[in-house]
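Here the chain labels run A, B and C in written order, and each chain numbers its own residues starting at 1.
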Amino acid sequence: MLDKSRASANDRRIEALLLHREIEEFNNAYAAALDEQRLADWAEMFTEDAFYVVISRENADRNMPVGLIYCENKGMILDRAHAMKTEMFAPRYLRHVIGNLQVLGEERNGDIRARANYVVVQVLFDRPAATLHQVGVYYDKFRRVGEALKLAERRCVYDNLLVENALCLPV
Amino acid sequence: MLDKSRASANDRRIEALLLHREIEEFNNAYAAALDEQRLADWAEMFTEDAFYVVISRENADRNMPVGLIYCENKGMILDRAHAMKTEMFAPRYLRHVIGNLQVLGEERNGDIRARANYVVVQVLFDRPAATLHQVGVYYDKFRRVGEALKLAERRCVYDNLLVENALCLPV
Amino acid sequence: MLDKSRASANDRRIEALLLHREIEEFNNAYAAALDEQRLADWAEMFTEDAFYVVISRENADRNMPVGLIYCENKGMILDRAHAMKTEMFAPRYLRHVIGNLQVLGEERNGDIRARANYVVVQVLFDRPAATLHQVGVYYDKFRRVGEALKLAERRCVYDNLLVENALCLPV
């Protein structure tokens, strides 16, 4: 009896480990899509009713909703992705490092709550140095759609007070 | 026979994986407590006899003990946490990214030795940019107290020669 | 039957998890060897016929082969490691943070393809601040040699346009 309950406790830990790994893999694919500026692939990582916002820590702490980017559904996210083709901005490289992933629990509807820290390093083509572009936290809700995980919500809350050189690309 | 020994080798690898994950989770909760300035929660992550020090790589390499912060037990750590309420310093955000965790082995008394690299990014409220505040290594000893892991020792050894704008908050 | 196939699907996920962990551990040991300037240990992490190159994203994107470091076998890598002893350069600390590891699949010959993002933070002994030295991606092929993993190929593709203060040490 004891052995059995110990075995099932271990099973639950392994199950949690596999979910953690799956979300980590999602985040790494997400980072790669943005770093390689494959914005159509990026948009496909959200659910139809997804909420995506990039907001300062100042505003988030005060429950102020205004953000640099604010999308209430996948249509708006796709719009954002396609707009890139016509927008004018200085060419640049971005590099995401996502760390400190925490899987926090499940919502009533089965969505999985998680958070992770992110650092985005930017290189502008007309300046030699790499700079800290944005640093913050992703507050997420993941949903399983068929076999795949999708983002039902990602709130990117950034620490830095000024986002240098405008935010042209999603975070 | 062979199958059995292979199975138990796999079990050991899974066991190691679960311990690694548990420590990673600890470090992420540690980072979140500091980033959200919940210093009472931070202090609770140490054992009663914990040793906590923040020391330059220069001094650590020469076995010089003096550090920016030096606590020989949890009382001193709690003192540090409570002092924050009365200290005056420029308001700021900190963001920890902890990576490259290595679980190194067990001490005779059962403590688990580990190390991890850390980067702390700082944003001062009166300056727009995020800067690299401190970069270094945690040299740790973890101890199991009841069900939970606690830090019996954390030596934060930082690379940068100057810690910009003082070290008001723990690392 | 169903239970059995579900069990074996889980086994495969655990197998993938263990491989992921093993490569992560490799990368962390790699980072520690470089950060502690143990270059002989670093060189031993490559296979005899290893390909190691440090190349700008600009050149890599255009299939231009020229890089800051270019080694076609372990002899050249060892040469690089030993050259450090006689070269003159300003003393410095480096700190690698390796994240976003993705295990991508297997080559025909059994090599494992992977990628990871890296950030190298540098501290020069005559300047107080830590700076972003290099930011980029490792594109890797790992090979099992006996029990151990070795690098059969590591292409370090960096984003920053200028590598400040020369690249004296490998990445």
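In this text, contacts are C-beta pairs under 8 Å (C-beta built on N, C-alpha and C of every residue); 3 or more make two chains touch, one makes a residue touch a chain.
Every value quoted in this text rests on a predicted model; they were computed, and no experiment measured them.
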Chain B against chain A, contact positions shared by both copies (same if over half, else different): different
Angle, in degrees to the nearest 5, of the Cα rotation that carries chain B onto chain C: 120
Approximate Å spacing (C-alpha centroids) for the pair chain A, chain B: 25
Residues within chain A bordering two or more other chains: 14, 17, 97, 99, 119, 131-132
Residue ranges of chain C in contact with chain B within the complex: 14, 17-18, 21, 25, 27-29, 31-32, 35, 93, 95-99, 119, 121, 123, 125, 127-132
Interfacial residue positions of chain A with respect to chain B in the complex: 10, 13-14, 17, 20, 57, 97, 99-102, 115, 117, 119, 131-132, 134-137, 159-162, 164
